[in-house]
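Quick heads-up: structures coming right below.
Heads up, the next two complexes both have chain A, just with different partners, chain B and then chain C.
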Partner chain A sequence: MGTAQLKDVIIKPDAPSSLLLDKHADYIAAYGSKKDDYEYTLSEYLRMSGIYWGLTVMDLMGQLHRMNRQEIVDFIKACQHECGGISASIGHDPHLLYTLSAVQILCLYDSLDAIDVDKVVEYVKGLQQEDGSFAGDKWGEIDTRFSFCAVATLALLGKMDTINVDRAVEFVLSCMNFDGGFGCRPGSESHAGQIYCCTGFLSLTGQLHQLNADLLGWWLCERQLPSGGLNGRPEKLPDVCYSWWVLASLKIIGRIHWIDKAKLQRFILACQDEETGGFADRPGDMVDPFHTLFGVAGLSLLGDEAIKPVNPVLCMPEDVLQRVGLQPDLLS
Partner chain B sequence: MHGRVKVKTTAQQEEEKRKEREKKLKVYVAARDACFSKRKDGVFDDEALQLTQQLLSANPDFATLWNYRREILTHLETVKDEDEAQKIYEAELSFLESCLKVNPKSYGSWHHRGWVSARLPRSNWARELSLCDRCLSLDDRNFHCWDYRRMVVKMSSVPVKQELEFTDRLIGSNFSNYSSWHYRSTLLPLLHPGSPEPPPSRCGGDPPHSCSPPSPQTHFHRVCEEQLLKEYELVQNAFFTDPNDQSAWFYYRWLLGRAEREEMISCAYVSREQERVAVTFSRPVNAQSGSLLLVLDGQPQRVEWRSVHPHFKHSPVWISDLPPGTISDIANEHNLTVHWTEKHTHRDCALYTGRSESWCRDTATDLELFRSELSVEKTSVLQSELQSVNQLQELEPLNKWCLLTIILLMRALDPLGYEKETLAHFQTLKEVDSMRSAYYSDLCSKFMIENTILKMEYAEVRVFSISDRNLTTLCHLDQLLLVTHINLSSNQLRRLPPQFAMLQCLEVVEADNNSIENLEGVYHLPKLEEVSLKNNKISTLADLQPLASCPKLRRLDLRGNPVTQTANVESELAELLPSVADLLL
Partner chain C sequence: MQSLCVQLISSFLHYNALRVNGEVCVLRRKNTSGVKHVKMHQHNKSNITLKKQALNRVWLYGSLQTKKDIRSGQTAGKAARWVLQHILRQFSAVAHKTQQQVEAEQPDAERTPFLGSHLDRLIHQEMKVCSDAACRYPSNYNAWSHRIWVLQHMAKGNIKVFRDELSSVHPWVSMHVSDHSGFHYRQFLLKELLNTELSQSLSSDSANGELSLGDAACGDRITTVFKLFYQETELCSDLIQSFPGHETLWSHRRHVYYLWHHWRQDQDICSVGKENELKPTGINEPGGSQGKSVDRHKHVSVPMEVDRVSLPDHDSKRLRRGILLPSLLTLQNEHTFVNSILNSCCNAEQNNYAVAYKKWLDTVISAQSLDI
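On to the complex of A and B.
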């Protein structure tokens, strides 16, 4: 049978070791203009989230002014459907994922009045099921990601009391596993992305005390591999986006110090592309805005002073949330 | 977006690639626009199916197109008979299978397949299960497939035993099997339930069948002991065969865990001098929701409950003040009852004449506070396991899983008896797995605190002393409500956290020689008189603010802290802490 091989990467000695903020800002600023690019077009189905990733990382780097605010706000307006939900792009169908991204963007720009907020609330409320779970849209896919999207959206709008919070909490807790983690649905395997959504959800609903923070914290700190990078679950390769999902979860449950900070920092920096700017999932791969945001956000959580403090629950700059008046609980 | 290696190419290669992509893009955009246009016109024909098929084959995450396809299929169902509908849906399943072959991790494809399977006039769940078998044989960590399998199992009532056997096969033949062990953890409580009681309802007053099933994390103890012991053997085989197979070690830790505590009021305390009642619950609660009732000498009292610190809306410890004069006369005897109405449980506390304070604690918790009750059989099994893992550790000295598991086994068997060995193993662990040394330090601190609590219980004293133990964190503070003297000196603590405010009976704090810079938890401690914080990291007067809330504080030792270098520190402190007559700087 042989022994299990530990999956990991090796960081080359010439990998980037300092933060190239200017290059990343240039990369993101230019990204939107790639409208004739195949990859760009293929990812139209998530455009609203793509914009949220780009704007958030620019704001964290103090470069939000380089983006086209009016164009984006108009785009969001055009994406709100009659039912109140918001789609990823024009002509696409509404979904909770993109409704949250849109609301997050409008918060960054302090322009929530661009959309019909009451309709958004109605849309979100309408997606809650009997058992407290949330469907992503009218087609009924259930996932704890959507529980997070629902409460995060409503929290930003100050309208959490419109849903059955107790039921929603019950459902999320029913997804807690033997290892203290969470999956998509009851019975699903623990996964760092889902754990982020569920701990974020429990923070927003004031229910963090229901977690087993020591057990979950252990599972999360075991995501760190010899390269210093973090994976999303046992026996998987490290990926810079887990510097966010795992790290933010640890921050929320008060155990971020269980990660070796210096080694993680080294891994994240090694994921930069010195030529093009931006971050890739692992050293040497192709960059994209998604990994760029989570690389920068991860560094912010680790305390990098060149980056604005980021909120671990909502992945938005803390100063934006201060303006909105939202200060979700964290365990100490 | 994931796993795409950056490949360097020549200028000519770049140009060729660019032209090719431009062509691809044109085709894609044309198809997309045609789709959107047809849908806008409400067209649900074959061409629409063709176009969406073309696009989804290349891009199964384009969710809106799956939506459109569902609209088309739904429409077709209304104009075709059952046999034709069956054919159409089966063709859809065929198309989906080809999509999944290319990208087995698309949420959209799996969801659509589930939608189609449920709509088939003549469903074939056996085929779906077989699809899962095949998919998992290629990648048994594909959670989309596992989730789909769980749905199929539910829809077609596959026996739990059969699924358990499926995990047996997978675990026996493969390494990357965390998903299988996880699945087992959900199946065991269903097949081998332990306790005959109904699961504690989280659903309020709803009838049991509408509750979601209890989650394995909290209800594993509902696996009967016979099965549990079999499970130990199974896991042991796994990690002995491959000591680097993490999943088995994770699963084993779960098996060693303790049962969830019974929900109750674990302690009720009353003080004549403070005219106050303090209550400890077995878990954090929100007593302000009206579920806590205080009855004094048969009379319900209108009191307000507050948690020990404004940080906590949910807390294990709650306090209320009694109306002045009700219990202050030491010549009177009183009987108190605290009712936790939500859980139909209560605790009585008798305050005798001549006594200034009284309490009542749950005695069962003294012994099984930190670990589960062990039957004779289980003890013997765990003892032999400890022996085996020790042997394994000798063969694999750098294997951190062995070391950690040995510690956990020792904790389960005899926490006090194995204290020395436990400390030694933690030292080794921190060397072998240095990335997680902060975790091990905190875990070791937790275990040392548990041992100190146990020793304190046995000695029946109210002094909690744990110095020179490399403590990096404080926990179980909810167990220290009755403690009058605490000594935390010569450790590595950075703060006395808000939870510290649960130590409502505290009179003396000694916490010299730490790295304390935060005193948030020294907050409204009504009996606190002396605090010693020599050689810590208290740097500003603001850090000392919480102390001002302790009315009886009269002695404070701050020698060896940076704050003593602040300008006018003596007069500032005289103003901040007027009750402190004995100030050492």
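On to the complex of A and C.
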């Protein structure tokens, strides 16, 4: 007979318990300044998303002015391909993921005119399949993440009517599982990241009423572990990024009060690194910009007033979306 | 003739390169962040052997990656699905041509069994690769979802493959009781078997009209389904008792019970619908899923005889054919099981999961079992 050791972390008593915003701003501002850094080089394949994470968290902390706007806008221009799609970095192939990140960055900077928007729309539209799903790029991988990327991109550009929205909705709903959650494709296991993408998708397409909010909310709040952190699926360790995917989903479906907010906040704060700044996936691990954004964004959703309000659907500052004129639906 | 040829050329600092018909396509191998992309160009539309070689190279590449290199596994999976789709298109083109030859009574139309065995070998190979990947990285979402993809695209309606897979992963999940993806795979297999059984019983009923020859076959199928659920529930109960405090096992139990519950509802609908032309009311099916599948997510207002002692006419007919309805798998028995766990166990997590399961039964299942 084996007794399980619950998969969770123990938060040490000396773990950080207050928000170190200045340290995080310094960490992000300095990130990428050493371009021959090993980790920085290895992550070139996702550079566009990396920039989106860094800029968004800086904006949420009111520190966007410390980043090099012109260099970034020029970089994005150089990453738009003839087909209209945008790549992660110069010389890489275009993909929906990086097309969305690029559009999000240009919205932050109010510089959508830097790229050919019509071509972006054409690229996104061209990736929709007959069954309503979206491929990530020309190689045809289907995933509900790409459905989210497609509608988020088009929503920010005000061009959602160019795709077959009904079909797109049909496909996403076909990925709904008995537990109220969503997987990457029909029949796939429910996963908090995919759930975030699908609830975000349904919000942007005005179809949140198709969800079983109670059932899904229940699955989501079962992600909370004794440490207060959230995982993405049963028997996985907690991770600060799931504190975003799960929390944002709960916010969208109007059930954020189902989570123990104080315990989650304690977990997120414990993921900070007091020396280097930034957040790690869990206490004591190495920090990175990805987890830094989702830690700060999670705290914003929990109501921390030192951070700007963040939109749970698009993970962008609310004031940016107000300027763009986009207010995605939320359930109450 | 140009051919699709994938060769692992060399491994040097940070790079593996695949030569595709003379064009070097770069895979950037990274220890933590994985692969950039795989490029393949199809030049020869008919050479299945070479495509299989390509698959082997893709998986060899994927298997070289370290345990934590999830992205490489993802990319290998993407590339494999791309190649497999090409192979499938070829198979179906050849099978179609074969069918035409058969209809034209041409003597060399013997390639379908050959193709069938090719397909079986491919499926078997993909299952092995997924199994290896699952061992390398716990609860490997990508490996298991690739495994599901392969069966969805290459083994549709193939009961034997689903049954074999159910047997083959049985020992694996028993040794990996935290692996939620592994158990989800069993749920997928069960659901596919049910949908196949259900669609076969529907078509034989509609073909036969009155209850006649179709009856015995229908009875066999019902017995088969009962056995499936009984065995799965037994497996689940054994593991829950042997390994207290695993959320995965309780989550599996919810899935299995849900499938059983809705399969029973569908059986009642089919029989009642046939005899009385009663259509289920109040169905609000998201995602356009058809009423006869077990993919229900909303409340269904149909007569449910789950826990009653006296059985309606259609169940009596089945009893007359000598098929026993199991006394297990009732709501009452599930509550009994939960109470036995709560009474016997002192593991705090096990207690929590048992209580949560009880709450789930009361909230989700009971709410979907409305009597009219």
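Just so we're on the same page, the second predicted complex is superposed on the first by the 329 of 332 C-alpha atoms of A that agree within 3 Å, B and C clash if a C-alpha of one lies under 4 Å from a C-alpha of the other, contacts with A are read in each partner's own complex, and residues count from 1 in each chain.
Criterion: contacts are C-beta pairs under 8 Å (C-beta built on N, C-alpha and C of every residue); 3 or more make two chains touch, one makes a residue touch a chain.
Model, not experiment: these values are computed from the prediction.
Applying the stated clash criterion after superposition on chain A shows that chain B and chain C collide. Using the contact criterion defined above for the overlaid structures, shared-chain residue A:M176 touches chain B and also reaches chain C. In the superposed model, A:G84 makes contact with neither chain B nor chain C. When chain B and chain C are set side by side, the one touching more residues of chain A is B.
Once the two complexes are laid over each other on the shared chain, residue contacts for A:S332 go to chain B alone; chain C is not touched. In the superposed model, A:Q224 lies in contact with chain B only, and not with chain C.
When both complexes are overlaid on chain A, the residue A:W258 reaches chain B alone and has no touch with chain C.
When the two structures are aligned on the shared chain, A:P317 is found in touch with neither chain B nor chain C. Judged by the touch definition given at the top, the superposed model places A:A280 against chain B, while chain C stays out of reach.
Comparing the listed stretches 235-243, 271-279, 469-477 or 559-567 of chain B against chain C after superposition, the clashing one is 235-243. When the two complexes are superposed on chain A, the residues of chain A that touch both chain B and chain C are 1-4, 6, 42-43, 45-46, 92-93, 139-141, 170, 173-176, 178-180, 183-189, 191, 212, 222, 233-236. If you check the complex, the residues on chain C that touch chain A are 28, 30-34, 36-37, 78, 81-82, 85, 139, 141, 144-145, 148-149, 152, 178-181, 184, 188, 191, 242-248, 251, 254-255, 258-259, 286-289, 295-298, 347, 349-350, 356, 364. On the chain B side of its complex with chain A, the touching residues are 1-6, 21-22, 24-25, 28-29, 36, 58-59, 61-64, 66-67, 70, 107, 111, 115, 141, 143, 146-147, 150, 175-176, 178-179, 182-183, 185-186, 202-204, 212-213, 215-218, 220, 241-247, 250-251, 254, 283-284, 311, 313-314, 434-436, 438-439, 442-443, 446, 497-498.
Looking at the complex, you find that chain A touches chain B at residues 1-4, 6, 36-38, 41-46, 87, 91-93, 95, 131, 137, 139-141, 143, 166, 170-171, 173-180, 183-191, 206-207, 209, 212, 214, 217-219, 221-222, 224, 226, 228, 233-237, 239, 255, 257-260, 263, 273, 280-282, 284-286, 288, 290-291, 332.
Chain A contributes residues 1-4, 6-7, 39, 42-43, 45-46, 92-93, 139-141, 170, 172-176, 178-180, 183-189, 191, 210-212, 215, 222, 233-236 to its touches with chain C in the complex.
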